[in-house]
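Read from first to last, the chains carry the letters A, B, C and D; within each, the first residue is number 1.
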Amino acid sequence: MANQLSCCNGIEISFDPHHALTTLKKVEGSLQAFPYRSVGELVRFENVGLRYGVGAETLTDVSFSIEPQSFQFLTGASGTGKTTLLRLIMQALKPTRGTVVLFGQDTSLLEKDGLTALRRRMGIVFQDFRLLDHLTTYENVALPLKVQGRDEVTYRAEVTELLNWVGLGELIHAKPPILSGGEKQRASIARALVAQPELLLADEPTGNVDPSLARRLLRLFVEMNRSGTAILIATHDLGLMDQIDGARRLVLADRRLYVEASDV
Amino acid sequence: MSEKRSLRYGIFGAMMRSIPFFGRDPLVAADQVTDRALVAVIAILTFLAALTASAAQLTAATAMRWQVMMASEVTVQLKPQAGRSIDADIVRASDILRGTGGITSVKVLRREESAKLLEPWLGSASSIESLPIPRLITVQIDTRQPPDLTSVGKMLSDAVPGASLDDHRTWTKRLGHLSDLFLTASFGALLLVVMTTGLTIVFATRGAMAGNREIIEVLHFIGADDRYIAGQFQSHFAVLGVRGGLLGGGAAFLLVLALKLSMMFPDGLPFSGISEMPILDWQTVFVTFGVIMLVGIVAGLASRITVYRTIGMLA
Amino acid sequence: MSEKRSLRYGIFGAMMRSIPFFGRDPLVAADQVTDRALVAVIAILTFLAALTASAAQLTAATAMRWQVMMASEVTVQLKPQAGRSIDADIVRASDILRGTGGITSVKVLRREESAKLLEPWLGSASSIESLPIPRLITVQIDTRQPPDLTSVGKMLSDAVPGASLDDHRTWTKRLGHLSDLFLTASFGALLLVVMTTGLTIVFATRGAMAGNREIIEVLHFIGADDRYIAGQFQSHFAVLGVRGGLLGGGAAFLLVLALKLSMMFPDGLPFSGISEMPILDWQTVFVTFGVIMLVGIVAGLASRITVYRTIGMLA
Amino acid sequence: MANQLSCCNGIEISFDPHHALTTLKKVEGSLQAFPYRSVGELVRFENVGLRYGVGAETLTDVSFSIEPQSFQFLTGASGTGKTTLLRLIMQALKPTRGTVVLFGQDTSLLEKDGLTALRRRMGIVFQDFRLLDHLTTYENVALPLKVQGRDEVTYRAEVTELLNWVGLGELIHAKPPILSGGEKQRASIARALVAQPELLLADEPTGNVDPSLARRLLRLFVEMNRSGTAILIATHDLGLMDQIDGARRLVLADRRLYVEASDV
């Protein structure tokens, strides 16, 4: 535990999740999102509406898009549909109306194989973690690479390093049921990042960690963003959002999505 | 940990991985209790199935032996007629028989031999001396091109009054009926048991997949395709099925051997015909392992089909 | 919702709640798939068990009938002796028999009747005229106080040379052996099947409890005691067991009735003795429902014991 | 959603969980813990140590006590043992050494029936909610009363009212799998409170709700405290702790527990 705390005290750790692209540096106070270039949107919603069952719509007329390498927060009160919006992007839900375009493809026309291919370009941090209880932390984090058929020798060092960075170095062989809430959350973040996705969806990724650890995780997201990943973080935490300059804010209220222009 | 892990690398690791369910990390949480229950249930079902099949095979084999024996031999009986020489009649009858095509051998039983056969009804030899005992001729038939027994019988009784031909037809029929009945029942039982096995596997697979629903969902989101996920389940239940089949079938095989062995001894069980069979013949092996293979195939198919259908539903 | 809810109140609601698993909210998540699998497996097992038991009961009953028939009748055979009058011998023998205690009737078969019995071996009546046919006396025995057949036989053969008493002992023994063997096998099969049923219930209960482990934990923390939690599981599996038992046992019962009915007809199956029994006797009912009750009791006990043992382990 | 948001805007709702003891009033800014009187401690730890498996101790020499009607926060970095400490109190764990005294009883001498009786005097909000997925929100919340054998007619109105207060009035018949993260959290809080326990243990009870809802839930805890319940809230949220004057802080760091005197 002492070890985990100490690793949050600003020590430089270099972390190379995929091809030695990223080096994390201590960035005090002002983290900055990578200014994005428009090379075709990753996600585009056009007048999307979603109704669960027979009640009123949970989301109405949602239109927005996510550019490659952009950084945005999604916020709104509890139960306003943040998780629902993320589930629409990750294809866990089909919109009741409107169009969801993902990586340039209209998802309503998507075949099963195409879906798998799209999902491999996304990383997801679930609000309730969804780690596999019978696998170790290491195996959980390595899973996205494993299901792609990659040989373990090619990713072992990376996974270990990433686990060290999120402070789970000592818990590599522990299984989720014995992890603390914050530890589970960090494992699920590591799992989402390990394959260096083009788009990261994170649902309340810092709800179970202390403020200094939250900052540290945020730094990881920023570094991922610098190396080319578009980030969408759903959160209630105002403090967290204030830490990133130049991040767009998507606000859900009254079933609608309001996009605040990024302040860059 | 590190020792266990080292299994996965090197030649040994590769060897282990090539065997299904050895050295592979299953992504699916196997429920030990359910697995053991499944193996136990399938073992018992296979045990019953293999026993049934073996009994059916033994019955069929015995019945066939008897039928062949009966079909390949007919008996001609000459009743002593007042005013005729039975010995002359015997010669005449056997000449006719020898002259008929499809008959391989004709054997005249001596008077004592015929009397011996009647002993249970007429009493022991001493008192029989005086009786005009009917005489018997046993006739071996070439079963590949058997003669027309009806016309042979007619010919005989025309030429030799008091001669009659017994082709055991009633007995053969009766025996055939009985063994057919038994075979039908056995086949029904076998079918039932194999169906149950398949059903059990289907339910177990579906149960496991429902229990692992969240895992399947996560695997999908993480980028695993159906083939990959199906692979995690599919062989698992097939392997459990085969394991149960081997256990139950093996036990049944041993029991059958033991029973057959017990029939070898004079005090043994009163099944004539069975006791003449070899203890370990290829049929017994074939039937038992046929049942095991059937169970294995059914298990494999049931699990494979269920996995693909259920994945579709869960996704 | 509100309609469903209203079921819980009022007289009807109270009535429903008094029936197990009706109108009760189970705190435990019942897994439909596993439940149906369990019922199916137990139904099939009970079906097999009930069939086995019925077959055993029929065999035992038939064997008993035959044995009683055989034991209540003996045959005395008088072989014609050179120099003796067989008719005088018959009178002497039947006098001796009539004078013996425990014999209810003595019937002398006429010459033609005896000859008829020998016909299969000696040929038809016309040629038999000249033969000194052995004569038969059938003797009915009072089975409550049977005579000592050995001494009767000795007495007879002393008084009348050529007389012998056949008490069918060999056949009775042989039949007894066979039916004992069959009964033992049936009993073994029954035991096996009932054990499997118990085992299946144990595994299912443990599986369900393992699957509901977290729920059990939460219930404990929330202030539920073991008795309360056990109540959630216990009757569930007993009820499933009984349901499976009723299904399988009922099916077996119907099948047995159908088979018996089919034997009624002249073209029916060649089991003499069985066809003389009533179609629906209390024994068949007793045996079938005995098996069902046995399955139910085993299911109830297995589930109860497992629940309490497992709760201890999980807590 | 609108409904849920509106109910957080300071409207007065009277809530009578058990015997009409509590009336929630709008309390702006300074919530205040009930000043406790010592009538025998509810919890006392004496030199408690806990070791999971064979590693180093997770908690060392922990000594503290909880007075009736007191209000305290438990804080510390992720993985320092907050949940572990709560699990020691709720008897999910036995200490490796030292003594845990609960409601005046030495727990090492406790029989099974005694344990059930003690647990009925506690309410627990789990970090991972632990709602029963196949029961509705209403049934989940009513569960503690139901397992005590109480007849439904005696508690139906109370439960409904409590659910309204935490903003789940419309989701009474919904089952946990379709609830949002914050909704689950609120349901689990309601379940912990419904039987008006003497001691409430809440593990990160506001990690999944927005700040205004967090304030509202905190108010609920304060009112429960006023009506006689001792409260122990494990949290990372500094903002939350600052909202209660007079609450003690228990801080976990380096395996030890440091008690900050309450600032009343």
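The working rule: contacts are C-beta pairs under 8 Å (C-beta built on N, C-alpha and C of every residue); 3 or more make two chains touch, one makes a residue touch a chain.
It should be emphasised that the depicted structure is a prediction, and the values quoted were computed from it without experimental measurement.
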Quiz item: Tell me, which chains sit next to both chain C and chain D?
Solution: none
Quiz prompt | Far-end chain from chain A, centres as C-alpha averages | solution = C
Quiz item: If you average the Cα atoms of chain A and of chain B to get two centres, how far apart are those centres in Å?
Solution: 63
Quiz prompt | Chain centre separation in whole Å, for chain C relative to chain B (CA means) | solution = 25
Self-check item: Where chain B and chain D are represented by their mean Cα positions, the distance between them in whole Å
Solution: 69
Exercise. Return the residues of chain D touching two or more other chains; collapse runs of consecutive numbers into ranges.
Key: none
Quiz item: Which residues does chain B have that touch at least 2 chains other than itself?
Solution: none
Practice problem: Between the chains shown, work out who touches whom and classify the graph as line, ring, star, complete or other. | Solution: ring
Quiz item: Which chains touch, pair by pair?
Solution: A-B, A-D, B-C, C-D
Quiz prompt | Interface residues, chain B side, partner chain A - complex | solution = 1, 8-9, 25, 27, 29, 214-215, 217-226, 228, 315
Exercise. Give every residue of chain A touching chain D within the complex, in rising order.
Key: 1-2, 4-5, 8, 52, 58, 76-84, 127-128, 167, 178, 180-183, 186, 203-204, 207-213, 236, 238-239, 253-255
Quiz item: In their shared complex, at which residues does chain C touch chain B?
Solution: 31, 33-34, 36-37, 40-41, 44, 47-48, 77, 79-82, 118, 121-123, 127, 130-132, 134, 162, 164, 174, 177-178, 181, 189, 192-193, 196, 199-200, 203-204, 206-207, 210-211, 269-270
Quiz prompt | chain D - residues contacting chain C, complex | solution = 90, 92, 112-113, 116, 119-120, 124, 130, 132-135, 139, 143-144, 147-148, 152-153, 173, 191, 195
